[in-house]
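Note that subunit A is present in both complexes that follow, paired respectively with subunit B and with subunit C.
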Partner chain A sequence: MLRLDNVTKVYKVGAFGGKTLTAVDRVSFDVRPGEVVSLIGESGSGKSTLGRMILGLVPASGGSITFEGTPVKPGKAYYRNVQGVFQDPFSTFNPVFKADRVFAMIREAYFPGVADADWTARLRTALQDVRLDPDQVLGKFPHQLSGGQLQRLLIARALLLDIRLLVADEITSMLDASTRIDVLNVLADLKERGLGVLYITHDLSLGHYLAERTVVLRHGEVVETGVTEAVFTRPLHPYTRQLLAAVPRMHAPWEDAEPVETCLYHKHGATGRLYAAAEDHLVACARLGDCPKES
Partner chain B sequence: MSLRVTDLRVHYKTLKGDVRALDGVSFDVGDGEILGLAGESGCGKTTLGKSLIRMDGRMRHVGGKVELDGEELPIGDDRRMNPFRFHKVSLVPQYSMSAMNPTRKIGRMVGELLRSRGVALDQATLESRLDLVGLPREVLQRYPIELSGGMKQRMVMVISTLLDPSLLIADEITSALDVSTQKSVATALAGFRESGVVKSMVFITHDLSLTYQIADTIMVMYAGKLAEKAPAKTMVEAPRHPYTKLLIDSLPEVGVRHTERRLAGIAGSPPSLLDPPAGCRFRDRCPLAFDRCAQEPPPVEVEPGHVVACWKADA
Partner chain C sequence: MTALQEVATRKPPASASVRREALYFALRNPKLLIGAAIVLLFLLAGLVGPLLVSATPNEYVGKPMDPPSSEYWFGTTTFGQDVFAQFVHGLRTTFLVGVLGGGIAAIVGMMVGFVAGYRGGLVDEVLNMITNIILVLPALAVLLIINAYLGIRSVGAQALFIGLTSWPWAARAIRAQTFSLRGRDFVDLARLSGANTWKIITREIGPNMSSYLLLTFILLFGNSILIASSLDFIGLGPTEGVSLGLMLQNASQWSAMQLGLWWWFIPPGAAITAIVGALYVANVGLDEVFNPKLRQT
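Moving on, here comes the complex of A and B:
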């Protein structure tokens, strides 16, 4: 459905734009219908830049992003299919207006011909789909709702458009533990309906909870990608192992990652070329030529 | 006993009335103990941390007292509190990026800071502290902007603890950091206790699994009150308060998938602290609530070191 092929983003930095910074370097992956793909990376890994490029908010410098075979072109037609939800629900809403104004704006822009009764019915269905009680949230101001409710309102807003792909960029990182999981469960349910979700996060446990496939990014490059189970239980790249070892867990004290020398592949970073370790499990390898696994 | 807090009440003054952010909290922190303070936003954990060192303008000390090493801290009196700050009680703030002077090299800034407090400190101590948190000595020759987030956070930790305070308060110091930096910062923090630089520590975070990694004791707060306090292992393995149980159950861990074990959040939201309801404050969201919860449950020590404020703690 969504396919990224060697997508690159280069920013100009420095006083007169004299230097360049490669934020995203030759990233390729795809998102299929009814699938959650989690994009995991630390700050500066380019994960949000990727999300913004997919949403057409910033242009890509190289490579191609296609949705259903056609290149991404920001505009009404595209946003009917693809929508994004971002990190901070508290600043997304205008505090002066009631929170349900976001729905009225969708109606004005996309469904001017829909009758009131029909619209109300659609709205209630969308809210029930994200497990919100319409009577509890409609007609309220943003400050009267919790972060989890606001975030679910935004997902409901995206659902009204009958979207097929949702880009969720760190949507739970501002939420409390007790409400965070409700939002994640909503995403898990939506996927059952055939919606594709790109779940961008820095939190490995959340990515693992939700996603079918995982893409691990580092400095703008993919270091490891594959079926979530494979990436989390048999991480091959030293960076992925390091990340997993650093996640604080309950019941188990921190331990150090295995030393990098034991890596089957290489000692250094990724090169943008991926080596297939197993079916649907790709690892970046710096020494592809003389890789012991190559033969 | 290093720190003893008794029935501490701190309110925020607002136009609508007093917000009872801290409504009667009592606990002790022993010598060499790291107390992890956990809870959701608005539970009063940051208010508690601030009360111990510096209240902001809207905060009022309404009741209760705080004793540090047998001496009462004048927490309600900003000026009388001054001799204690930095010397006896110190704070590591969350946003270390804005905690250092951007126009000074770090070494010079530290020197100016110490002179302004009238303290002499030899270079060797400073350097040994840098070693302790794993920072190269060259950082003193650099500007804050040249350091990464994790390095800045560690530098601020070194500055905060230069005078060997008895109590160190660390408020959400790792929340803005990546997982791998988070680990090194949290480990460095625990190192201050190991090496005896600080006597005791209050480590505030919303992340229970992180608290579990470095704290000896965990205290969970809910709506301005203590819900449960127990040794870290007990808290995670055998929590007694229904809120703690639900909170721990709602945490996804690496290894948990929604298809295998669907986690659930806690329905509802915490009560407004402007006019909190009588009785147990978790009552409306609690699956075990019964008639008696209309009365407030007192914190009871169910076993040594394990305090629970719930009528059904024994169940």
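Moving on, here comes the complex of A and C:
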């Protein structure tokens, strides 16, 4: 459904744009219908930039992003199929307007002919789909609602459009543990309905809970990607191992990641960006970026 | 009724539109009401007053240097002109210059500021360059030259000149504000809702700084009045008619202060101060009306 092929983003930095900064470096992966793909990486790894490129909010410097075979072109037609929810619910709502204005904007842009009663019914259904009580949230200002309510309002907004792909950029990082589970369950429901979800997060356990496939990003490059179970139980790249070792566990003492003696990539004399260690389990060179063989 | 219930009942009904709701809070804001009342009072005096007094305020009608009396409410000048008649006519001119000059400057400043701040990049560089050039242009010298060659001496021309020279700082302020707002997620969300640049500026960024824009207009309005007064003072004002600035200039020129003719210079001076001050107070009130977080309830 969504395919990224060698997507790159280069920013010009410095006083006269003389230096460049590569935020995303030749990233390729797919998102299929009814599948949650989690994009995991630390701050500054380029995961939000990727999300914004998929949503057409920033142009890519190289590579191609296609949705159903056609290149992404930001505009009404594309946003009918693909929507995003952002990290900070309080900043996503214009503070001077009531929160339900986000629905009015959708109605104005996409459903100008729909009658009031019909629209109200659709709105109530969408709100119930995200487990919100319509009477409790409609007609309120953003600061009168909680972060969890606001995030679910935004998911309901996306549902009004019958979207096929949702880009969820760190949508749970501002929420407390109980509302976080509510939002995650809403995402799980979406998956059941056949939506593709790109779940961008730095939280490994949430990614594990939700995603079919995982993409681990480091310094803008994919270091390991594959089926979530495989990546989490048999991590092949030292960075992935470090990440997994860094997750605090109950009933277990803290352990450092085991060092990697042999780099799979070099052992097999692999060429190209990633080495296929198993079917649907790709891994980058283990020398963390300074691999001489890298193309 | 508990305090909480009272607050709850004072909330407008949920179905009220944004505009109705703003009006609801506007009518309950003392700062806005007092400020607007003072401005409207002067505006009314400027609109209605000239109809009640002589249409020719510069005529020599009474005894020279007469203190305020029932016949001449604000007394007379050194030459026996009716100060009250001059005052109400002057208010009319002053409001006209303020609204026209401030309005032109505000519109140009907003256009340049919004477009430069939102689009960024090359558009921003070019607009910023133009802004800076106008900013450093010595307005007074330019006016002297224009005046010498074209000899334009009407209130409208004065307002146009003031408007076209005083917008740069407003453009810079609005650009900076727009710059900080365009990175907010709600702008991205509007783009995801299919909104174009114009819609995002007018419906997302603009309303967010509506009180700021009004403050800009108010400051430009007051600024126009002050510039007009200084132009009048150096003899570049309108040749016909009367304005509050011209009254002050005449009073100063004919030593009203030294002669103790306080009724000649205090009314125009107090009126300028009161109008600009009241607009500022109204603006603070409007900030509370537009920003739900600042509301008392």
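Assume the second predicted complex is superposed on the first by the 273 of 295 C-alpha atoms of A that agree within 3 Å, B and C clash if a C-alpha of one lies under 4 Å from a C-alpha of the other, contacts with A are read in each partner's own complex, and residues count from 1 in each chain.
Definition applied: contacts are C-beta pairs under 8 Å (C-beta built on N, C-alpha and C of every residue); 3 or more make two chains touch, one makes a residue touch a chain.
Being a predicted model, the structure only gives us computed values, none of them experimental.
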Quiz item: After the match on subunit A, would you call subunit B and subunit C a fit or a clash?
Solution: fit
Exercise. Classify the contacts of A:H202 with the two partner chains as first (subunit B alone), second (subunit C alone), both, or neither.
Key: first
Exercise. Quick one: classify A:G148 as touching subunit B (first), subunit C (second), both or neither.
Key: first
Practice problem: State whether A:F93 touches subunit B only (first), subunit C only (second), both chains, or neither. | Solution: second
Quiz item: With the two structures laid over each other on chain A, which partner does A:I106 touch: subunit B (first), subunit C (second), both, or neither?
Solution: second
Quiz item: What is the C-alpha-centre angle with subunit A at the apex and subunit B, subunit C at the ends, nearest 10 degrees?
Solution: 80
Quiz item: Is A:S61 in contact with subunit B, with subunit C, with both, or with neither (first, second, both, neither)?
Solution: neither
Quiz prompt | Minimum C-alpha separation between subunit B and subunit C after superposing on chain A, in Å | solution = 8
Quiz prompt | Contact set on subunit C toward subunit A in their complex | solution = 14-15, 18, 184-186, 188-195, 204, 207-208, 210, 290-293
Self-check item: Interfacial residue positions of subunit A with respect to subunit C in the complex
Solution: 52, 55, 57, 74-76, 79, 83-84, 86-88, 91-98, 102, 105-106, 109-110, 138-139, 141, 143, 154
Exercise. Spell out the part of subunit B that touches subunit A in their complex, as residue ranges.
Key: 40-41, 149, 178-183, 186-187, 206-210, 212-213, 236-237, 246-248, 250-258, 262-266, 269
Practice problem: Enumerate the contact residues on subunit A facing subunit B in the complex. | Solution: 42-43, 146, 148, 176-182, 184-185, 188, 202-206, 208-210, 228, 232, 242-244, 246-251, 253-254
